[in-house]
Amino acid sequence: MEALFAFSIGLLTASGVFLTLRGRTFPVAVGITLLSYAVNLFLFSSGRLTINGAAVLGASEVYTDPVPQALVLTAIVIGFAMTAFLLILAMRSRADLGNDHVDGRLPIEPEEKKK
Amino acid sequence: MNWIELILSFFVLLGGLFMLIGSIGVARLPDFYMRLHAPTKATTLGVGSLLIASMIFFSLKNSMFSIHEVLITIFLFITAPVSAHMMAKAALHLNTKTLARTQGFSVQKAATKRSNKPKKDLANQ
Amino acid sequence: MGLLWIPLLPMLGTLVPLLVARFSRSSIAFFTALLPAIALFLLFQQAPAVFSGEVLTTSFEWIPLAGLEVAFRLDGLAWLFALLILGIGQLIILYARYYLSEKDNMPLFYSYLILFMTAMLGIVLSGNIIQLWFFWELTSISSFLLIGFWSHKTEARKGARMALTVTGAGGLALLAGLLLVGDIVGSYDLSLVLASGDLIREHAAYPVALVLILLGAFTKSAQFPFHFWLPQAMSAPTPVSAYLHSATMVKAGIFLMARFYPVLSGTELWFLIVSMTGLATLLLGAYVALFKHDIKGLLAYSTISHLGLITLLLGMNTQLSTVAAIFHIMNHAVFKASLFMAAGIIDHETGTRDMRQLNGLWKYMPHTATLAMVGAASMAGVPLFNGFLSKEMFFAETLHQVTLGSLSWMVPVLATLGTVFSVAYSARFIHDVFFNGEPINLPKTPHEAPRFMRIPVEVLVALCLLVGIFPSFIVGPLLATASGATLGTALPEYNLAIWHGFNLPLLMSFLAMLGGLVIYYNRKYLFRFQAQFPEPDAKLIFEWLMQRLVNSCHNIMQTLENNALQRYVYLLIFLSMILMAGPMIDLHTTEGHKSQIPIDALTLIGAIILAIAAIATVLFNRKRLVSLICLSVVGLIVSLAFARFSAPDLALTQLSVEVVTMILMLLALFFLPQNTPKESHPRRLVRDLGLAGIVGGVIGTINYAMITRPLESISWFYLENSKIGGGGTNVVNVILVDFRGLDTLGEISVLGIAALGIFKLIVRMRLYMPSSDSTGRPWATGRYPMMLSVVSQNLLPLALLVSIYIFLRGHNMPGGGFIAGLITAVAIIQQYIAHGVDWIKDRLRINYQWLIACGILTATLTGMGSWFFDRPFLTSWFDYFSLPIFGKFELASAMLFDLGVYLTVIGATLMILANLGKLTTSHSPAIKENS
Amino acid sequence: MMQQHLPLLPVIFPLIIGTLLLLPPIANSLMRQRSVTLLASLVIIALGIWMIQVAHLEGIQLYFLGDWKPPFGILLVLDRTSALMVLLTSLLTLGALLYATGGDDNTGMHFYPLFMFQVAGVNGAFLTGDLFNLFVFFEVLLMASYSLLIHGGGKQRTQAAMHYVVLNLVGSAFFLFALGILYGTLGTLNMADMAARVHHLNPDELALVKTGGLLLLVVFGLKSALLPLQFWLPRTYSAASAPVAALFAIMTKVGIYSILRVHTLIFGPEAGELANLIQPWLWPLSLLTLAIGAVGALASPSLRMLAANLVIISVGTLLIAAAIATPQAIGAALYYLVHSTLVAAALFLLADAIGEQRGKPGDRFVAARRVQQPILLGTAFFVAALSVAGMPPFSGFIGKLMLLQAAGQTSLIASWVWPAILISSLAAIIALSRAGTSLFWRVNNRGNISAEVKPLPLLKLSGIWFLLACSPLMVIFAGSITEYTQLAAEQLFDIQTTLDLILQQGDK
Amino acid sequence: MLNTALFLVSGMIALALLLSLWRLIRGTSIADRILALDTLYINSIALIIILGMYMGSPLYFEAALLIALLGFVSTAALCKYLLRGDIIE
Amino acid sequence: MRSRLLPMPVQSALLFVVWLLMNNTIAAGHIFLATVFAVVIPLLVNCLQHPQPTIRRPFLAVRYFLLVLMDIFMANMQVAVLILGPLRKMNPGFVAVPLDLKGNLPITLLASTVSLTPGTVSCDISEDHCWLYIHALNLVSEQALIDSIKTRYEAPLKEIFGC
C-alpha cells in the first residue's frame, strides 16, 4: 500500500509541477491545486498510513498519528485561501493586461511558426 | 443470526448491483439523454439499499437504532432529479446530439427554443 | 584636551555658514573662518610640545568590538599637515569671499569647504588607522560635493563623479590594506602599528597590504595611471582647486605614504613601486602640462608632476630623500596655492583661462603678474625661491640612489628631464599670459583684482621668498620635527642652505633651467609635433568606460532577468532538486523495514482513478472546463483517500473545500479564455516534462522511504491528553483548537486576509461579461431555473441544520467549525446561484467584512480569556454539567474559539464568492485578445 | 503582570488592531484609521524596546501557548535576536505608516488592516519556536503582502503580483514537503526538540532529514532572494507602492532570519552528522547573489530599481555572513541587517517622493525639472546613499567593516569575501553617484518648478527622516548596539543552553 | 459471508467507478462529462458506506452525507455555467 | 394563516426529525435542541424563501410518497433490464406534457417524481410553466405516457396542494 501511496503522490506532484510551468494563468492555478493535493497527502503520510484507526478516542483500538492530520487541515485551508487569491488575481490581470499570460504579455517567441 | 447476515448481504449486493448497472448505463447507452436515466434511477435504489444494509449493520453492531443513513436518501431524492434536470437543460441548450431514432425531436427543438409550439407538434401525431 | 578640539571645531564649523546664511557675505566669511582660526591657534598652542618631539594622543572608546576608537594623535608630521590645511584654509576662505559671485550659494560652499577641511584634519590627526580611513572616505565625499558645486555644468558633474569613483575605489583598497595591517599587528592603534614595522615587513601578507595601501595613496594623490581625475577636478571653483591641489586632497595620498613610511618602506618592493610610479608621474605630468592652453590645466598637470616628484623621493628609501620629500610638500603647497589663486584672479578679471587669448596682462594687472611670476619661479625651482631648495635636495638624492644597480644613472637623468619641462611650462605660464603681445578678444576688460582678493596670494608669495632666502630660520625646526616624525628615527645630517658650492645638483638645476628655456623658445616645433597625437580626453574615456560598464550590466540583467515567470519557477524547482540530489544519493536503501499494509482492490482502483484523473487534468489542460472537471475528480479521490486512511476530518474538509474551489474556478473561468492556445514549444514541453518527472520521482521516493520507516513521534501525548486536558475525544480537532490553537488562529487570519485582498482586487476590476460562450452560442435565456430555485431554498434549512450538527460534534467527533462554516457558506452560495445576487442582497443583510473581523476577534479574545486566570494565551477551559432532563453535557472554551473559526470561514467565503458574483456589470463582448 | 505575556504581544496586538480597523466605528473614517494605526505602531515600538530590555537583562523568555509545555505545544521564544527583529519591524512600520498617511493609504481599500496583519505575521515568524507555526506565520505575512502589493492598482502591480504570488505558492508547497519530511523523520515540530532528536538518527534517516533541511534552504532562499531565486524581487519591490515597498524591506530579512534560526539551531555546528548542512551551498550562492545585486545596481534605470538591487546586495552580504557562520560574523550581520533594512525602506520612500516632485520622468535617471525642497530631499538622499554604500560617516560602513573583520579571521574565505564585498560597495558608490547627480543636478529648465507639484507633505518627510535618523544614531551608539548584536549572535550559537532551557520546561 | 458480499460489492463499485470515469474521459459532450462526474459522486457515496461497514466504524457517515449535499451543488454549478456562463448573477 | 413562530411548519417538522435522525437518538436534551433548531432555523432563513403553497391534505401526501417509492422500485427494475438488454429494443423520445398544475413547488415535485420514476427524465419546463418536456428511455405510446403522468402524479399533487 505504501508504494501505491507514494506513487500516487509522485504522480500528482509531477502533474502539478508540469501544469505550474505552463504559460497561462488558469492551467497554472490548476497545477498549483494539484500540487497542493500532493503536498497535503505527503504531509498527511508523514504520520504513516493507518487503516481504521481514526484518532477519535474510543472509536478504535489503534490510533493513527493525529498531528499530521491537524497540520494538513491547516494546510488545506491556507491552500484554499491562496488558490482563491491566485484565481482572482488571474482575472484581474486579464482585466488589466488584456491577456491571461502569466507574464501579462503574449510571447513573441517563434514557437508558433515552429510547428 | 445468520439470516440477518443473509438479509444484509442481499441488500449490500443489491445496492452494489444497481450502482454498477447505473454506471454501466452511463458508459454504455448511446446518447446523453439516455445515459441520463441510468444514474438518476439506479443510484437512488443502489444507494438506498446500501443504506438500508448499513442501517441494519450498525443497529446490530452498536445494538442501538442507527437510522441516520435515511438522511442521505432524503438528500438524494431531493437533489438527484434537479441534477438530472439541470444537466438535461444544459444538454438541450448545447444541442447535444440525440440518437437518430429519437422520437419527438421537434419537441426537443421546441424545448431548446423555449417556444410554446409543441401543441401543434402534438396535434400532428 | 586641546588636541581633540583641533578637528572638532572645524567639524562644528561646517554648520556655521548655514546658520549665518542670512548675514552679509563678509560676515559669513568671517564666521566661517572663526572656528578653524581657533583650531589653528590651538594647533600653535601644541607646537612647543610637538617640536620637543612629543607625540600627543587622546582617545575615547567607540566600538570596542571592531577595535574602533575615537583617537587623535599629533606628532610633527601631523602638525605640519594640520598647519597647511588650516593655514591655507584660512586664506582660501578669504579668497573665496571675493571669488564667488552673487549667484553662488556661498554658505553651502563654505560648509562643504569646512567639511572637507575637517575630513583632511581627521586624516592627518587620526590615531587609529580605521578612523583614518573613515576621514579618508569623508574627503572623497566632500571633494565630490565641492567639485560638483557648479552642478549645472556637465563637466562639473562628470568631474565630481570621476573623482569620487577613482578615489572611492582607492579608499576601498586602502580599507582592505589597513584591515590586513590591523590583522598583522593585532590592533588598529596607529602608534602600535608604527612601532611594529619589522613585524609587518616580515609578514607574508606584506606585499598585498602594501599594494592595497599604495592603491589608496596613488589614487588620492593622482599618481600615474590614476592621475586622470585630477585635471577634471579643475571644473570646481578655483578656491577649491587651489585647496585641493596644494594643501589637501592630493596631499592626503602623500601623507599616507609618509605616515606609513616607517612601516612599509625600506623594501625593494616599496622602492620599485613607489619611486618608479613617482618618476613616471613626474615625467608625464611635466610633459603634458606644457601643452595645456588652460592655465588651470597647466597648473593641474604641474601638480601631478610635483606629486610624482614627492612620491619618487619617498620611494627612494633613504632618510634624506624623505626629508627632501617633506620639504617639497611644504614648498609645493605654498607656491601651488598661490599660483592657483593667481590663475583664479586672472580668470575672474578677464573671464577666460585660455592662454591663446590671454596675452600681455602685465600692463593690466602688474601686481598680480608679479605675484604669479614669483610663484612660477619657485615652481620652476629658480634660486632664492623655496622651490629651488627642495629641488636641489631632490637632485642630490637622485644621484645617491643605487637600487637600480647599473641602471641607476637613469633616475637623475630622467629627473632632470622632468625638471626641464617644469621650467618650460613655468616659463610659458609667465610669458604667455603676461607678455607675448596683446590679449585677444577677452570677455572682460582686465584690471587688478580687489585688494583683499590679493592678500592671500601675497602672503603665500611672501612665504615663498622668505623660505627661499632664510630656509633654516623659517622652516628648519618644522622640517626637522616633521621629518623626524615621518622617519620615526633620528634625523640624518642635512643642511638647509641656498649655497652648497658648485656641485652636481647645481649643474643639474642649471641644465634644467637652460633646457627649459630652450624648449619653451622653440615650443612651436614641439607643439606641432605634439599636435600629431590626438589628445586623449580622460573624461570622455572614463565616461565611455562607465557607459560600457552600465550597458554590459544592463545586457546581463536583460538576459538573466527576462521577466518570464516560467523561467523563475523552473529555476526554483530545479534548484531544490539539485540540492536534494546529494542526500538522496546517500540514502542507501529506499525501503524501510516497517511492516506495510497489504494493497486491497478498492484502494488500488482508487489509485488508478486518481492517476487517470490527474493525467487527464494535464492532457485536457487546454480544454479548461474539462480539465477542471477532471481536477474535481482528483479532489474527490483524495478526500476518499483521507477517509480510507483514517482521517475523517480531512475527508470532510477536503470535500467541502473542493466544492468551493470548483465554484470559484468556474467563476474565474467565466472571465478567462475557455481554451489555452497551443504555444509551448516542443523543446519546452520536453524540458518541463523532464523536470516534472524528476520532481515526482524524488518526492515519491522520499515519501516511500519515509513512510516505510518506523517513527516515534510526539503524538502519544495528544492521544493521552486530548480527553483529560482538552476535553474532547476528536484528537485532531482538539489539536486544532487547543494544543496548536495558534496555528488555527493564523489560519483563519490568512483566510480573512485573503478575503480582504480579493475584495481589493475585485473592487477596481473592469471586466466585461462575455455575451456568448466560447463557441459563439448565446447564453440560455432563463436565468434562474425554477426547479433549481425551489429545491435550493428548501435545502437551505437542512444544510444549516447539518452544519450546526457538524459544528457541535466537532470537538468529540469528526467535524468542527471550519467544515461547518464551509457547509453554511456553500448552502448560501447555492442560494446565490439559484436566486441571483440582487435577490439575496435585498433579503440577506450581513456585512461579511464585519463577520470576518468578529470571527478573528472572537477566537483571539477567547484565547485572551485565559489571561484573567493568569494563564498563557489560548489555555483552554472545559467542564461537564448535568441538568435533570437533558442529562450530562459539556461546555468548553474551545467551542467559542471554534465559533470564531466558523464565523471567519463563512465571512471570508461569502465575501469572496458573493462579491465575485456582483462583479459583472454590462453585457459587452469579451476583451479581444490578440492571440 | 503583562510581562509574562510579552513574547505574544507583538503578534496578538497588531492582529487585534487589524480586526478592529475592519469594524465600525474605526472602519468608517480614514482619519480614525490613520490615528489608530499610528498610535498602534508607537505601542509596538514600545513593546519592541521592552522586549530588547527583557531579553538583554533577563535572558531568553519562553511563552507556552495554551500552557502546553514543549515540545507538545507551540512555543514562542523571545531572545536577543528575535527582540531585535521585532523592534526593527516596529521602527520600519512607523516610518512606512507616517509616509502612508501622507496620502498613499487611500489609493485602495483595507490598507491599514492589511498592514497590521502583515506586521503580526512578521513578528510571529520572528518569535515562534515551532517550525509549522513558522509556516503559518509565513503564510499570514505572505497573504498580507500579496494584498498590499496590489494596493493602488495598475498594470505593473498586477503583473508583478502574479509572479510574486505564483513563486511563493510553489515555495509554500515546498515548505510543506520539507515539514512533512522533518516530521516524518524527527517526529516533532518544536525546533529545539528537532535539534535534540537529530542526534539519535540512523544514516538513512539522516539523509532524509538532509533533504528536508536543504529544501528549507530553498524556501527561505526564495523569501530572502538568494540567487537564483532573487529574480522576482526587483520588479516586485519597485512595483509596490512606496510604503508597502518600505515594509517589504523586512520580508527578505524574514527569510534570512529563518535561515539563521533554523539552520544554526537544527543544522548548526552541534548537529553532528548534519553540522553546517547548508554552508557548502550558501557560499557560492551568496557570493553570486552579491555579484548579481551589484550588476543589477549598475544596470538600474530608476531609483526604485536601484533600491531594490541594493536590497539584493544587502541580502548577499548577509548570507555571506550566514555562510561564515561564526558568532562574530553573525553579530556583524545583525547590525548590518538592522541598518540595511531601515535605509532600504527610506530609499524606497525617497524614490517615491522624488518621483512625485520631478513630474513625468519620475525617479528615472534622466533630466527633469528640479525637485522642490532640494535641501531636505537632497540631504535625505545623500544620507541614504552614503549609508547604503557603506561609506562613512553613516551606519553602513560599520556593519561592512565588522563583517570584513569577521571574514578576515578565516584568511582563505577572506580572499573571496573581501573582494566581493568591497567591489559591490564600489558598484553601489558608482550607481548611487550616478543616481544622485542625475536626480538632483541634471535639471532641465524647461519645466522649472511648476504650480501643480505641491511640496512633499510633512508627514511623508517625517516618515523618510524618521527612518534615516536611525543611520547616524546607529553610528553614534554603535558601541552598545554592536555589543548587543554580538551577544545576540553568541546566544544564537549557544545551542545547548537553549535546548536545556526549552526541553527542561518540557520535563517539568 | 457478509465479508464476501462486501468484498464482491466493493469490486462492483470499483468497476462502477471505472466505468463512470471512462465516460468522463470519453465525453463526448461536456454534459456527458458532468453526468459522469455526478455518477462518480454517487458511486463514492456508496463506496464510503461500504468502507464504513467494512471498518465497522460510523465515522464516515458524515462524509457520505456531505457528498450527497455538495455533489449536487457542484453539478448544479457546472450546469449553470454551461447555461449562463455566469453562475452567480 | 402562516404563523409568526412557525413560518414553515413542514420544514420545521422535517428539521425536527432530521436532527434526531442525525444524532440517532431521542434523548431529552436532543429533543430540546431539535425543537430549538426547528423553530430558530426557519426564522433565520425565512427571509430567503419564496412564498410556497402549504400542504392541504397531509395524508394524501404520505400516500403519494409511498406510491412514488413503490414506483421508484419498479422503475429501477425496468431500467436495469433496459440498460443491460440490447440497445436495439429501446426507442427513446421526447414528450411534451401539458401542465394543469400551478405553482413552483407542485410543478417541481411533479418534475422530480417524473425523473425518479420509470424510464422518464423531466428535461425542461417551458417558461410559462405550461409544458413539461420529458425524455423517455423507451417511448411506446406518447399519449399513454402523458395520461399516466397526469393521472398518476399530477392529479394527487393538485389535491395535496389544492391548486
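Chains here go by letter, A, B, C, D, E and F, matching the order in which they are written, and residues are numbered from 1 within each.
Following the convention adopted for this analysis, contacts are C-beta pairs under 8 Å (C-beta built on N, C-alpha and C of every residue); 3 or more make two chains touch, one makes a residue touch a chain.
This structure is a prediction, so every number in the text was calculated from the model and none was measured.
Common neighbours of chain E and chain F under the contact rule above are B, C.
Set side by side, C-D and B-C show the greater C-beta contact count at C-D. If each chain is reduced to the centroid of its CA atoms, chain A and chain B end up 33 Å from each other. Distance between chain A and chain C, defined via averaged C-alpha coordinates, is recorded as 40 Å. For the pair chain A and chain D, the distance between C-alpha centroids works out to 28 Å. Averaging C-alpha coordinates per chain places the centre of chain D 49 Å away from that of chain E. Looking at chain C, one finds that residues 563, 565, 569, 573, 600, 644, 648, 667, 669, 699, 703, 706-707, 711, 713-715, 718, 739-740, 743, 746-747, 750, 753-754, 757, 761, 780-782, 785, 787-788, 791, 794-795, 798, 802, 813-814, 916 touch two or more other chains.
Residue numbers of chain E whose C-beta contacts span two or more other chains: 10, 13, 17, 30, 34, 50, 56, 59, 65, 69, 72, 76, 78, 80, 82-83. In chain A, the residues that reach two or more other chains under the touch definition are 20, 25, 40, 42, 45-48, 51-52, 54, 56, 59-60, 67, 71, 74, 78, 81-82, 85, 89-90, 92, 102-103.
Across the assembly, chains come into contact as A-C, A-D, A-E, B-C, B-E, B-F, C-D, C-E, C-F. Note for the complex: chain E touches chain C at residues 7, 10-11, 13-14, 17-18, 21, 24-25, 27, 30, 33-34, 37, 40-41, 44, 47-48, 50-51, 59-60, 62-63, 65-67, 69-70, 72-74, 76-78, 80-89.
By the touch criterion stated above, chain B contacts chain F in their complex at residues 18, 21, 24-25, 28-31, 33-34, 36-38, 40-42, 44-45, 64-68, 70-71, 74, 77-78, 80-82, 84-85, 88-89, 91-92, 98-99, 101-105, 107-108, 110-111, 114, 116, 118-119, 121-122, 125. Considering their complex, residues 61-68, 130, 133-135, 137-138, 140-141, 144, 148, 151-152, 157, 160-161, 164-165, 168-169, 172-173, 175-176, 179-180, 183, 546, 549-550, 553-554, 556-557, 560-561, 563, 565, 567-569, 571-573, 575-576, 579-580, 582-584, 586-589, 592, 699, 702-703, 705-707, 709, 711-715, 717-718, 721, 725, 738-743, 745-747, 749-750, 753-754, 756-757, 759-761, 763-764, 849-850, 852-854, 856-857, 860, 863-864, 866-867, 870-876 of chain C touch chain D.
Taken in their complex, chain C has these residues touching chain B: 777, 780-782, 785, 787-788, 791, 794-795, 798. Listing the residues of chain D that touch chain C in their complex gives 1, 4-5, 8, 12, 15-16, 19-20, 22-24, 27, 63-68, 71-74, 108-110, 113-114, 117, 120-121, 124, 132-133, 136-137, 139-140, 143-144, 146-147, 150-151, 153, 162-163, 166-167, 170-171, 174, 177, 180-181, 183-185, 187-189, 193, 203-208, 210-211, 214-215, 217-218, 221-222, 228-229, 231-232, 234-235, 281, 292, 295-296, 298-299, 331, 386, 391-393, 397-398, 401-402, 404-405, 408, 418, 422-423, 425-426, 429-430, 433-434, 437, 440-443, 478-479, 482-483, 486.
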